[in-house]
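Each of the two complexes below includes subunit A, the first together with subunit B, the second together with subunit C.
Here is the complex of A and B:
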């Protein structure tokens, strides 16, 4: 217990609190910091690029979460039916998740650019719409398999007796899905929604390697915006502002994650 | 309310793997395996009359649940015809067969209240709300669960869940009521109580029942007729009294009745047109009706398996008809004692009323010598090879 707690304090609590402190400072290094109050926060919130990245991120999260979860659930449904080769499909669908985000971004960038070129469209670096949908396709491709595994586990836990009872009670396939299966897999839905929402919100590597925010920061998500604020701008003031943005970002993710957990948890049932 | 007819019903699982997944251990059963696959139910023929209570009974893996599931439509019928009210329903979906089923696990929807569980099938059938309400409350009244209508299943005890499961089935007034081992998850006391309730329920709702159990007591007490199955094959169909008094083969004789029937290797002899059984030098002449049955089948003198129920063994009788043994175990049951007697090189169970022991001063302590015999009208004679009752 004690060593874990010590490690947790050294590795998480202390850096977190120090980071919080730094968001109220003007600093160049951790030790060279000067307290300036809430000025960083005011500047962060006044930064239109930050607000734009927030809007872009929200639009991305909503669409990606919906597509990922609906598709993953549909595939899980198909793969829990008794049919040949389900294990192979499960493995294949899961594999994209094993490839790192940066690598994925570059591979997909090549692919998308090739397709865009064929279509006679501007390449990713000059094409906001393609960047937005490219990010969504990339994340879907990466995450659907993982979420599918969670949904498969949830669906397999639904007692077959319940399905049979529903079929005798007169429910058709659609009604059985909505009234029996879905409520029974609510725990899986909770965890999948939580993972997809928070992962999509915090997306960084894929964003950096696929579009790098181009063109003109229009496909820049919040994490990338913070990164650019912190590292890519000249002047001592920007580090503190980046730090303040990171704290705001953290609070946002916590609020959204907890709200979602609370909302779906309440729909869960115990057998 | 309907008649149900099963004509040459068969269930074949195409490969062994699928069979295993159903949770029936393959080692235990001796199911026939043909080129088509594992035969789980073989040539099942039964006419169930309107409002009859039929019990399918047998050891696990005998095909009783599979048969019930075929009637329910949850399992495809490999061959044969299933008729409900004279209409062939082999390819009719479960929901359109107008049946209701109570599952062993109850299969209540955990996310719905008791009320919604019971109302579910009526909602699916789009009945008006007030009618649903009326039916659910009526059923709840019958089953005495009105006070639990707002609860979720997890807040109920096993017995209460069982009632809800039955309630869910009766709200619909189904033509046929199917029950798959409904009492086996309950403890012994509750099981006896629920058994009595099912008998009462049956009088109230008066419909056709098909009930599956592995418990011979449930089968005997509930059924108008019992179907005894083994390894997918029907062994005997008859009223409880018939199968108890005239078991068709050694398996039925051993399965029905508690404690189990005693079996001995004995000889059947025919002298001067009269049949008698000879066991360890004791010779017992058979009763008139048994003589007639054996004569009708032209049974010859032969080695047989002799079956005598523990309650038909008596400790007094003609000295020439006595079999001698030693008491191994003596189980006090209150009004009777179950003696395990080592005789004829095997264990025989003998039920002795306490009154006899007191009145006649019989020594039943462990190691005591006892002699017993049986009457000619109480023996069952089975072919030693085929195990069939030779009277049939």
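Here is the complex of A and C:
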């Protein structure tokens, strides 16, 4: 236990506390921090670009989470039916998850731009709507397979005797799905929702490579906003403000994650 | 599950300990050493070799690390936070210095400073102390393919002003299908290419405004010459290899490849492109010439190339006394010794290993003549009495300002309305004031 605790402190607790401390400082590197109090937080919250990126992120998270989970569950249902080739399909759907976000962003950027050009629409760098849907398509493509695997595992664990009882009682497919399968896979739903919400909230690589926030910061998510605060601005004050934004961001993700966990946990049933 | 977690955590810790261990061995020996965080990826191989040669000659270990293109500031920040921080690093000018002034050793009275040919190449703090030394002077302009220009029926001598450049470019566009090439290579606004316009081209309206107002920096730009900026940008995007709407996705490589393939006569870029353009299967010195970016302002007949620097060497003042001295010695050796100056200025075969040198023009007394064609042209123009356009983009208030201008330029290129140009002007003028406030407030 002791080495684990030590590792946890070295790898997590200490950097976290140090980061928290830095958010109250003005600094260039982590070693020359000067305490200035809560000014960074005031400036971070007064920065309209930060608020705008929050709104964009929320709009993104809601839509992406819905699409990913509904589609992943539907595919999982299809692939737990007894038919040939389900294993191949599961592998195929899972594959996109193995590719890194930066690479995906650039590949999809080329694809989207080619399509937009054919359609005579402004390209990604000038097109907020395309940027928003582009990010959603990208994330769905990447994550649906992963969530599908979790749902497949959940569906396979629904006890056969329950299914049998349901069919003897005369439940149709729809009723079996809603009254038996869904309650039984609630733990999977909890996990999948948690993963998609937090991942979508923290999205960075894909955002940076697909749109880089263009046009004019309108497709900029919170993580990217923090990154730009840190590196695109001149002057000593901005590192601390970026750090304060990062702390606010962390608190937001924790609150949203925990709320969601509590909400879905309460719907789980004991076998 | 717990067991897996414990296992992972101990792995993390092992990795952490290993990392600590290795860094300690590096810092524990007492001999002085030099750690140079290099800004220019193009010259990485040469610096690595120079470091090795210097170590063999003097026994002082020199480590050279090159930050990936566009990642210098992030790399520098991370490296400066370590116990083995770089002893020698770079800033891009007064605005870059603002972030790092606390770390700059005062170079006043050092040998390497006394080697500078002009005091203008020293980067000074407000109190007069010397924070940085320029080590390379570069030029940019419109690189021209003479062969194609002649095919179109013109010669370089015909182009002596913005009006004439415009006439030539528009004539080439009118006969584009017959000639088989365009006037300008694509003015790509992808991140790999947009600096040519949001930074380098934007230098011209800033330069002429500073000249007119007799200043060298400002907290609020007026945008006196933005109409000329628009005229130039219109010329670039409407006489190009591709439709203006496609520019937002065009990269630096696209633009260079078009120029190399003979699809365009003009290519706005700098002396650092020389190695990419001349060589086997590419152009020879006879094919190319760099002409000034004529802007329709002032005495165009006597306008030279845009020449200046955004590469200043700074010494880390938090390094140990011995390391600082070793770093100063290394810098001095680079710009005074035969091996050092040959490597920095020379072209083919200038390195001790027989590889090509860096081809720089260096502002030091021991400088040798550079083999770089564009650099030689710059010297010839200056000798002929033309006035080089100085680099004022290091005074741009922030990276964010450049991004704002770039974004507006891209939008304007796709849809060239007065409203969209007004957005460029606003990003340029209002953005400057806002960003200046944010950076200095």
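In this text, the second predicted complex is superposed on the first by the 271 of 271 C-alpha atoms of A that agree within 3 Å, B and C clash if a C-alpha of one lies under 4 Å from a C-alpha of the other, contacts with A are read in each partner's own complex, and residues count from 1 in each chain.
The rule is short, and it goes like this: contacts are C-beta pairs under 8 Å (C-beta built on N, C-alpha and C of every residue); 3 or more make two chains touch, one makes a residue touch a chain.
This is a predicted model, so every value here is computed, not measured.
Q: Overlay done on subunit A, so just call it for subunit B and subunit C: clash or fit.
A: With subunit A aligned, subunit B clears subunit C, so fit.
Q: Taking the superposition on A as described, I'd like to know which of subunit B and subunit C A:171 touches: first, second, both or neither.
A: First partner only, subunit B.
Q: With both complexes overlaid on chain A, does A:52 touch subunit B (first), subunit C (second), both or neither?
A: In the superposed model, A:52 contacts neither subunit B nor subunit C.
Q: Could you tell me the angle at the CA centre of subunit A between the CA centres of subunit B and subunit C, given to the nearest 10 degrees?
A: It works out to roughly 150 degrees.
Q: Which partner does A:184 reach: the first (subunit B), the second (subunit C), both, or neither?
A: Once the two structures are laid over each other on A, A:184 reaches subunit B alone.
Q: Go through the superposed model and pick first if A:269 touches only subunit B, second if only subunit C, both, or neither.
A: The answer is first: A:269 touches subunit B but not subunit C.
Q: In the superposed model, does subunit B or subunit C contact more residues of subunit A?
A: C
Q: Figure out whether A:205 sits in contact with subunit B (first) or subunit C (second), or with both, or with neither.
A: Touch partners of A:205: none, neither subunit B nor subunit C.
Q: With the two complexes overlaid on chain A, what is the closest approach of subunit B to subunit C, counting only CA atoms, in Å?
A: 24
Q: Both subunit B and subunit C contact which residues of subunit A?
A: none
Q: What does subunit A use to touch subunit B in their complex?
A: By the definition above, subunit A touches subunit B via 159, 161-162, 164-172, 175, 179-180, 183-184, 186, 269-271.
Q: Per the contact definition, I'd like the list of subunit B residues that touch subunit A in the complex.
A: So the residues of subunit B touching subunit A come out as 72-74, 93-95, 99-101, 103, 105, 107, 109-111, 120-121, 124-125, 152, 154, 168.
Q: Which residues of subunit C touch subunit A in their complex?
A: By the definition above, subunit C touches subunit A via 5-6, 9-10, 12-13, 16, 73-74, 77, 80-81, 95-96, 98-100, 102-103, 189-191, 245-246, 248-249, 397-400, 403-404, 407-408, 410-411, 414-415, 435, 438-441.
Q: Spell out the part of subunit A that touches subunit C in their complex, as residue ranges.
A: 1, 3-4, 6-8, 10-11, 28-32, 109, 113, 117, 122-126, 212, 214-216, 228, 231-238
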